[in-house]
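Labels for the chains are A, B, C and D, by order of writing; each one numbers its residues from 1.
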Amino acid sequence: MKKSKFTSLLAVIILILLVATGCSSGNSAATTTGTGTSGADKTTSGKLDKVTLQLKWLPQSQFMGYYVAQAKGYYKDAGIDIEILPGGSDIIPEQQVYNGVANIGVTWDSSLMKYQSKGWGLVQVGQIFQKSAMLLVSKASSGINSPKDLKGKKVGSWFGGNEYEIYALLEANGLNKDTDLKMVQQDYTMNQLLKDEIDATSAMTYNEYGLLLESGLKESDLHVLNMNDAGVAMLEDCLFVNSDWIAKNEDLYVRFLKASIKGWAEACANPEAAGKVVFDVDQSVSLAHQVYMAKEVAKLVVPKDFDPAKIGYMDMAAIQQTADLALKYGLLSKPAVISENTFTSKYWTKATAK
Amino acid sequence: MKSKVITILWPLAFGIALILAWQFGLFHKVLDLKPFQLPVPSEIASTLAANLPKALKDCGVTISGALVGMIIGSLMGFMIAAIATFFPKWGYGGMIVVTALNAVPIVALSPIMNLWFSTGMEQKIAVVTVVCMAAMAINGYSGLNNINPYSIDLMHSVAASEWTIFKKLRFPNSLPYIFTASKINIASSIIAAIISEYFAASTSGLGFGIKDNLRKAEMAMGWSYIVVASLAGVILYCVILLVERDALKWHASQK
Amino acid sequence: MSVAIGKREQRIVAIVWVIGIIVVWELASFLLKYVIQDPMASAKLPYPHIVAMTFVENWKILLEAGLVTFSRAAIGFALGSSVGILLAVLMSLSKTMERIAFPYLIVSQMIPVLGLAPIIFNIVRDMNVSRIMIAAYITFFPVAVNMLSGLKSVEQEKKDLLFSIASSKFKVYQKLMLPFSMSYLFTGLKIAAPMAVTASILVDMLGSKSGIGVKILYSLYSNSSNIFWASVLTSAFMGIISFYVVVFAERLCLPWQKATPRKEGVRA
Amino acid sequence: MNAPEIQIKNVSMVYPVNNGQDIVALTDVNLDIQEGEFISLLGPSGCGKTTLLRIIADLNQPTAGSVAIRGQSPRDIRMQRKYGIVFQNPVLYDWRTVRRNICMPMEIMGIPKKERTARINRVLELVGLQDFGDKYPFELSGGMQQRVGIARALALDPEFLFMDEPFSALDEFTREKLNEDLLSIWSKAKKTVIFVTHNIPESVFLSDRVVVLSPHPGRISAIVDINLPRPRENSIRETPEFYEYVTKIRRSFEGV
């Protein structure tokens, strides 16, 4: 009796300690988020402006520009106390930004158009990726050498808005997405392709394609359909904000964009270092994979023949193509409105002005 | 009779008041939401009506997976409980293992089952099976063993075999516990099926519908799926209650 | 329970079980890899010794993540239980209240709240508050139902005794109803505690930066199956520990409970 | 004779039943009880004796008639906390030790702590449980538990003591022992006691008057004065007078 009383007392004490540590760790997480590692602490006196950035996915080199800018203290130099929120399968950046959980979000253009068309007051204010990273990858053995060969195959997508480039690719090649082949939901690993449960899988150049290579397959074992080559590319990672917020915080956003561009430029110039910076934030994947990703992402942000000074540039023709494809393949029910109120490059112009 | 009517009327009135408050924007005002963030009931209803065949088909996929999984899981759980009863010394360890399995979160279970099974349906059934097994094993074990010692003495006095005791005494005694477990499992099987569909290699089912539509800003459609999922759960729960009422006429809880 | 075996023997049985499971698992992994020659064997069912090694190598990270999740679970558990107790007391105070609330309590369990995170974020607009609310939502039900069943099980004579000395409603609850329901409450808490851990793991996945759920999620997406399995095992351990924490708390709080406490729970 | 302490006038009690055949528990009961009297309500199950006690204690409301206790309603008496009650079961709170069980009503009544301790010590001694104060109910035998229930009622130092078949669940030996103890306690405290029982020797042994009730519908069929000398000890059960009273009351049932 006495002994069990003692152990239970111990258990209660442990429980209380756990709660206490939980609370304190919560606090410390909040305070350490904005740490700049380099000593660039020459901010003007006065408080930093708090800015929260909502990523579309987990912390990884896909977002290396922001992490580099954070690590090098570029945001701090711009008078910004940045907090970077990781995404996840249940995190929808458009909703987070509209609700005010975050000030600025990263999402794909087509997805943003959808929200805008439903009445959400969001505006696109910068285009980070100039190219589509979406691939359809199959094993060379399955003989899918052109989009037409997808007929009768099982094709994976993540859905939730990620399926429209594939729809466009199919239709451009005279295939019906419902009758000519089977579309299935794929998870966030490449296991279904490796296990031959699907014939072709969606893959991002910078992430999943790398996973396939890391799993032991060689480039020669794989066949790739690239959306850019097929002329059905839709724009991906862009920056957007709530229209009400930007009306009051124009200067703050321009400062943010300027610092971010600086971070991106540095990251793209030295992806190895950028991969390391991201790895220091989150060690869930190997350093090698982060570096691989950083190199691939650099190709999307600064494609061949693209002036690095123009990072974040909004190519209205590419945005229009994204809108047209989204309308044609059913994501949008009416044409996207592309105007100063929905897609505006004026902040980018200010941020890049000498 | 009068009290029965009241039992139904009060919650019904409350529900109608809730829906009206929702419809006429009270929630939107209090929570400062726009209709495109939180669709009103009439919009959900019309969206559901327009997409009824698809919603029902998806509902069928999810519910059939949930039911098959629940039946398999419940049978396995009860078998474990029975084995633990027949071999008390060694069998009880099996119960602890099942309980531990129950502590594995569904979100971790789904991807594991995705590896083991190739189709969405198999994966869903496997997840639901594991989720339902524990509740049935634990409750079944209680029912098979929480027995008045005199009843067992009576059985021994007529030299009944262990099997006879199981058939005539332990099993009937466990029925109320089995129904308790079934009521728990109805809710958890549907939720498990829906969660498993978030990860499944399939584009049908309520879980896929909820997730896909909520991501794509089709809030009304997403809510339609939520409504269908909840309704299906409530209906199945009522079915279990009815079966229980007929099967357990002798039990005090039914009076 | 009619099983009359000694403590020592119990311990031996437990040890045999643990060893047995490890051996069978080891064997199954071997069969999968070399006999069936499944290319995904290491992801489907990795060797337990490899998982154990991963565990040892990463114990610090896992423990840290586990503690974060566990403490969040404790907060969600505390809040959910409080709401559950409050609801039960309200329902026991008024028959009308019970009539209105009880059906909706059951309906609430049919709503797949796990999938509604985006909607809840929309409504609450604060990630931390949303996370706590989701965890509390998942845990309140077994507490409410068991507590209510406890409050309704108080014998009439016990209430008569207090009535006979003209005690106030408040005193009746303070001196009789609440202490009487304690053992029922603990049954509910024992069910809710592992659920709180599961909920907390889930809540980790909603854009959190730390916690065992984050480990599960990230290792899943990055295909590092050893870490994934080690994290899953950690979460299973946490569920079991949370259960026994409540069992210990019950022993501490209810010393009058004899060796045979109530076994069956009322969960639905 | 003084004005009766408790006056029961034309009390009837009808329980409505769904099928329309209402159950008549009591019909037109009249009874006067004097101050300091030990009175037993005796009868087979279903005769309404417990119902009558509960009406006097304000735990049930009669459908007709009235009860006056010192000219006040039972509700007033209850609100003034003037009676103590002992139920068929000990009705102990499992989570409280013997002392704290006895203490519980006094806590509610706001009796100061010092006074409570003194009273607990006194009644524990009275019921012979002075060594068991710190035990939990589950550690006591049935007879001991019942004694705690009595001690709890006595600790209130009530002006009336209502007892509803307090010993019916006990074996014969324990019952006789407790009967004797009860009388010795009563002789010291001199409360007005209403004692419900279905045991004829018990009622004869304890009471000044035995009120015999008969069922269907519940009513008073006889009132028997017991003129045995006090103080009474168990040996009185062996006397012919005792036997005579028992026989007389038993006959009164057969006459029904």
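Throughout what follows, a residue touches a chain if its C-beta (ideal position, glycine included) is under 8 Å from a C-beta of that chain, and two chains touch if they have at least 3 such contacts.
Everything numeric in this text was worked out from a predicted model, so none of it was measured.
Undergrad: According to the touch definition, list the chains common to the neighbour sets of chain A and chain D.
TA: Touching chain A and chain D alike, sorted by label: C.
Undergrad: Chain with the smallest distance from its CA centroid to the overall CA centroid?
TA: C
Undergrad: Please state whether B-C or A-C has more C-beta contact pairs across its interface.
TA: Result of the comparison of B-C and A-C: B-C.
Undergrad: Relative to chain D, which chain's C-alpha centre is the most remote?
TA: Most distant chain from chain D: A.
Undergrad: Starting from the mean Cα coordinates of chain B and chain C, work out the distance between those two points in Å.
TA: Result: the chain centres lie 17 Å from each other.
Undergrad: For chain A and chain C, let me know how many angstrom lie between their CA-based centres, rounded off.
TA: Whole-Å distance between the two chain centres: 34.
Undergrad: When the C-alpha atoms of chain B and chain D are each averaged to a single point, how far apart are the two points in Å?
TA: 52
Undergrad: With chain centres taken as the means of their Cα atoms, state the distance from chain C to chain D in Å.
TA: That gives a centre separation of 48 Å.
Undergrad: Two or more other chains in contact with one residue: find those residues in chain B.
TA: In chain B, 37, 111, 115, 198, 211, 214-215 touch at least two other chains.
Undergrad: Give the residues of chain C touching no fewer than two other chains, as numbers and ranges.
TA: Expected reply: 40, 43, 115, 118, 122, 205, 220, 255.
Undergrad: What's the contact topology between the chains, one of line, ring, star, complete, other?
TA: Topology of the interface graph: other, matching no listed pattern.
Undergrad: Going by the touch definition at the top, which pairs of chains touch each other?
TA: A-B, A-C, B-C, C-D
Undergrad: Under the definition above, what is the set of chain C residues touching chain B in their complex?
TA: Interface residues on the chain C side: 1-3, 5, 9, 13-14, 16-17, 21, 40, 43-44, 96, 99-100, 102-104, 106-107, 109-112, 114-116, 118-119, 122-123, 194, 197-198, 201-202, 205, 213, 216, 220, 228, 231-232, 235-240, 243, 263-268.
Undergrad: In the complex of these two chains, what residues of chain A are touching chain B?
TA: Residues 89, 92, 94-95, 98-99, 111, 114-115, 117-120, 156, 159-161, 183-187, 189, 191-192, 195, 197-198, 331 of chain A touch chain B in their complex.
Undergrad: Enumerate the contact residues on chain D facing chain C in the complex.
TA: Touch list, chain D to chain C: 57-59, 78-81, 83-85, 87-89, 91, 93-96, 104-105, 107-109, 136-138, 156.
Undergrad: Spell out the residues on chain A that touch chain C in their complex, using ranges where they run on.
TA: Those residues of chain A that touch chain C are 4-5, 7-9, 11-12, 14-15, 18-23, 25-26, 29, 33, 58, 85-92, 95-96, 99-101, 188-191, 194-195, 211, 215, 282, 284-285, 289.
Undergrad: Write out the stretch or stretches of chain B touching chain C in their complex.
TA: Residue list for chain B touching chain C: 6-7, 10-11, 14-15, 31, 33, 37-38, 88-90, 92-94, 96-97, 99-108, 111-112, 115-116, 135, 139, 142-143, 145-147, 149, 152, 177, 180, 183-184, 186-187, 190-191, 194-195, 198, 206-207, 210-211, 214-215, 222, 226, 229-230, 232-234, 237.
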